[in-house]
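Heads up, the next two complexes both have chain A, just with different partners, chain B and then chain C.
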Partner chain A sequence: MKLRRTRLYVPGNNPHLVENVGLYGADCLILDLEDSVPITQKFDARILVKYALQNVDFGNSEKWVRINSPDTPFWVADLNEVVPYVDVVNVPKVESYEDVEKISKIMEDIEEKHGVEKIKIVPIIETLKGLTNAREIAKHPRVVAMAWGGEDLTAELGIPKKKALILDHVRAEIVIAAKSQGKMALDTVYSNIRDEKGLFEYARRARYMGFDGVGVLHPNQVEIVHRAFKPEDKDIEDAKKIVEAAEKAMKEGKGVIALNGRMIDKPVLERARKILAFAEVD
Partner chain B sequence: MPINAVGREVPSEINGQKFKPFAGDMKTPPEGRRAGSLLRMVPESRSKVVSSLEEVIKKVGLEDGMTVSFHHHLRNGDYVVNMVMETIRKMGIKNIRVFPTALFPVHQPLVSMLTDGTIRRIEGSMNGALGEATSYGEMRETAVLRSHSGRVRAVESGEVHIDVAFIAAPTADPYGNLNGVDGPSACGPLAYGMVDAYHADHTVAITDHLVPYPAHPISIFQHNIDYVVPVDKIGDPNGIMSGTLRITTSPSRLKIARYALEVIDKVALRDGFSFQAGAGGISLAVTKFLGDLMKKRGIRASFINGGVTKYVVDMLHEGLVDVVFDGQAFDLDAVKSLKEDKNHIETPLAMYGNPYSSGGIVNMLDVGVLGATEVDIDFNVNVNTHSDGMLLHGIGGHQEVAAGSALTIVTVPLYRYRVPVIRERVTTVTTPGEVIDVVVTEHGIAVNPKRDDIIEALRGSKVPIYDIQDLQKKAERICGKPQEPKTTDDIVAAILWRDGTVIDVVYKVKK
Partner chain C sequence: MVEAGTLEKGDARVVITDADKREIVVKSKLERLYGDAVRKTVEEMTQGINANILVEDMGALDWVIRARLEAAIRKFRGEEE
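After this line comes the complex of A and B, so read on.
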């Protein structure tokens, strides 16, 4: 199972930060062409990111690029440069299934031209309209996970982000939209990079809300989030027993899995496998 | 010129004095007896106070060609070296050999004394402008660099004879008892100055905190001090203490610290173990992480040898270590602890790692974590020169800690500013690969192949382990092949191994 506990944002206009990205063990690395790149540097950053994708060692991390949103003049050029070399395209301010489809079509042409396989999309829901359509957006076959951001959304509502009670509902809606389609749900970033305790609690809460990961802004946050997403020892032990019982049953050709006289059904087995994945147990 | 055990061509005579080539650690046995200072008798007076530097220089009979020494506990805040040397210059005394433990950027005024004839050579660590001037050939004779313990050995063996030791004293009484823990220029221990006080023909304490007899505690005792000179200020506290040293926040440096911690954990961490602490960003992080891990595991260390900082002091006061040996304090927490805690012990440099003694603290070290400017594929380490050949750093305790520790770890980034740190051949060999066990970079570690036991202990660890050649190639892939420094054939400095053999030389850099 591919884990996406952490996705580390790396400004696409800073070669010094880009060159060591593979060292930090983040599950996903996002070379950012959007918010961290000033408008005057969009072109330069795009080229830097293109060459970084081809030459920098990403370690075991999944290669993402956050392109500029579909309501800007930059996104098509972004796709043209990065699609052949990337694992996931991260698209901000997605508001509808049609938005994803529009991007998907352009990607299809680029993929065909370069002979690469279908690239995945992770949309970021950042507006009330996007939130309303989240369950439809999650249905798109290219979408592997749903992410969200609260800045625009709270601005739309005219409330300060830090005090916005509605964000818990938004979180829940993102989880429901993603999980109902069998996709991953990814929580937004914890922006205080010095507050290790706060980050741990934030990531723990995200995990219990049903998220599969959170965004991180600094390499030092990666290990803390991975720790927060690590299941408890007892859950790991129970999960090991369930998976072993399932493997034994399969070997013996039995259709029913039993453990300590109790039937193990499919969702329980799936959850056990997920726990082992998060515990990084083979 | 003979080729030494690390393959470097080295002279057998430096400044008219014979030296042997480096043959390997502990391969050159000592000869002779300890050297002594002049026997002397002080007048029947209850005070040794002299009112000015000029007067004291006349009293000790400093002449052309003599050797003067200084310690560097006041680091970049030191006023003493400059004020003494300026007085010597004004008095018209020439051809002085300056024998400091270390000089810093604050000692730049000495550069002009290299050319006006006041100084003929410096034998000691040179950080900054003096190193640069030496690299460009501005020193008349050849500079000689020794490690902390190598310097002690040189004095004790008579290789260097000190005519006058000028000892900066944060506190002194009129009869010459000195300490470094009190006064406006407090620096902690006076460990570097002790060997000079015991072996120089004449000794002068210079203080800005004259207290009634007897000063206490006492680091250097009265029977070793001939004169006491009060001055307004011996240093700038901002340059003496480093403030609260901060652990690096650089994610790649923290990665190095985490890998080093993992190596220590798998290879050496056990109740009663011991380690060498440092004050660099990575060393501080290793010390802090090690303390956290020890707390978690309920492990207690027998001693820490420092380079003492707040992080070490915290470990002492939290009961994570029994004893702190202190040769150098870096912050006020360390000074306060040295003054108040009986388990925080000031150690003379002679006890540190002199190979020609009955055994130093370094021989009892389980773990030493050190830095470097370069490391090569034979695990040789350079801490003196940069890759452009410039002599910019001293040796410090690098050699003896590396030689003494059961596990010696060198922590370095794979490259700095696009210049590979791991390379085929270091610009200058300071410490031979034979005493280096593990090189830790942010990309992974390399273990010296002779240490099978470490490779075995690290089996199953998450730290990526490479051959050092692979790390070197990785650095070259990112940065390209490093250029050779542009130097002439003129030797400007000799690097001595702690036993006094020549391990390498530094060549003049073309301007």
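After this line comes the complex of A and C, so read on.
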């Protein structure tokens, strides 16, 4: 199972920050062409990111690029440079299934031209319209996970982000939309990079809310989030026994999995496998 | 005149201006160690371009210099930013 507990944002216009990204151990690395790149540097940045994708050692991290949103004049040029070399395209301000389809069509042409396989998409839901359509957006076959951002949403509602009680509802809606389609749900960033305790609690809360990961802004946040997503020892031990029992039943050709006289059904086995994946146990 | 890149640590700035023949100037922070390698990359990537090409290297890796050169060359050839 591919883990996406952490996705580390790195400004796409800064070669000094980009060259060491593989050392940080994040599950996913996002070379950013959107908010961290000023308009005057968009052209240079997308070419720099194209070269980085081909030359930088990303270690075991999945290679993501956050392109500019579909309501800007930049997103097609972004795709043209990065699609042949990236694992996941992260798309901000997605508002509808049609938005994803529009991007997917352009990607298809580039993939065909370069003879590469289908690249995945992770949309970011940032507006009320996007939230309303989240369940449809999650259905798109290219979408492997769904992320969200609160700045535009709270601005639309006219409430300060830090006091916005509605964001827990937004979080729940993102989890339901993504998970109902078998996709991952990814929580937004914890922006206070000095508050380690706060980050741990934030990531724990995200995990129990049903998220599969959170965004991170600094390499120091990676280990803390991975720790927060690590299951309890007792849960790991129980999960190991369940998976072992399932493997034994399969070897013996039994249709029913039993452990200590208790029948194990499919959802329990799936949860056990997920616990082992998050515990990084093979 | 077009330019690409920055003078930040680990980056390079490339400036290309119209001229009748190619002239390359490389100013490298690490001239003694990497000056020749940078010059070789610039020569390879700017073949056939009649222009003054200035590369200011702030300790950039080869792929960074290539990226900044490509950006500057594409702008020089009229690609819009």
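Keep in mind that, in the parts below, the second predicted complex is superposed on the first by the 282 of 282 C-alpha atoms of A that agree within 3 Å, B and C clash if a C-alpha of one lies under 4 Å from a C-alpha of the other, contacts with A are read in each partner's own complex, and residues count from 1 in each chain.
The working rule: contacts are C-beta pairs under 8 Å (C-beta built on N, C-alpha and C of every residue); 3 or more make two chains touch, one makes a residue touch a chain.
Keep in mind it's a predicted model, so treat the numbers as computed, not measured.
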| item | value |
| --- | --- |
| Touching partner for A:Y24 - first (chain B), second (chain C), both, neither | first |
| Partner chain in contact with A:H218 - chain B first, chain C second, else both or neither | first |
| Touching partner for A:R271 - first (chain B), second (chain C), both, neither | neither |
| Partner contacting more residues of chain A (chain B vs chain C) | C |
| Partner chain(s) touched by A:K102 [first = chain B, second = chain C, both, neither] | neither |
| Which superposed partner A:N14 touches (first chain B, second chain C, both, neither) | second |
| Chain B versus chain C as contact partner of A:L48, first or second or both or neither | second |
| Contact residues of chain A, present in both the chain B and the chain C interface | 19 |
| Chain A to chain B touching residues, read off their complex | 19-20, 23-24, 218-220 |
| Of chain B, residues touching chain A in the complex | 249, 251-252, 254-255, 442-443, 478 |
| Sites on chain A touched by chain C in the complex | 13-16, 19, 40, 42-44, 47-48, 50-52, 54-56 |
| Residue numbers on chain C that touch chain A, as the complex places them | 4-6, 8-11, 60-61, 63-64, 66-68, 70-71, 74-75, 79, 81 |
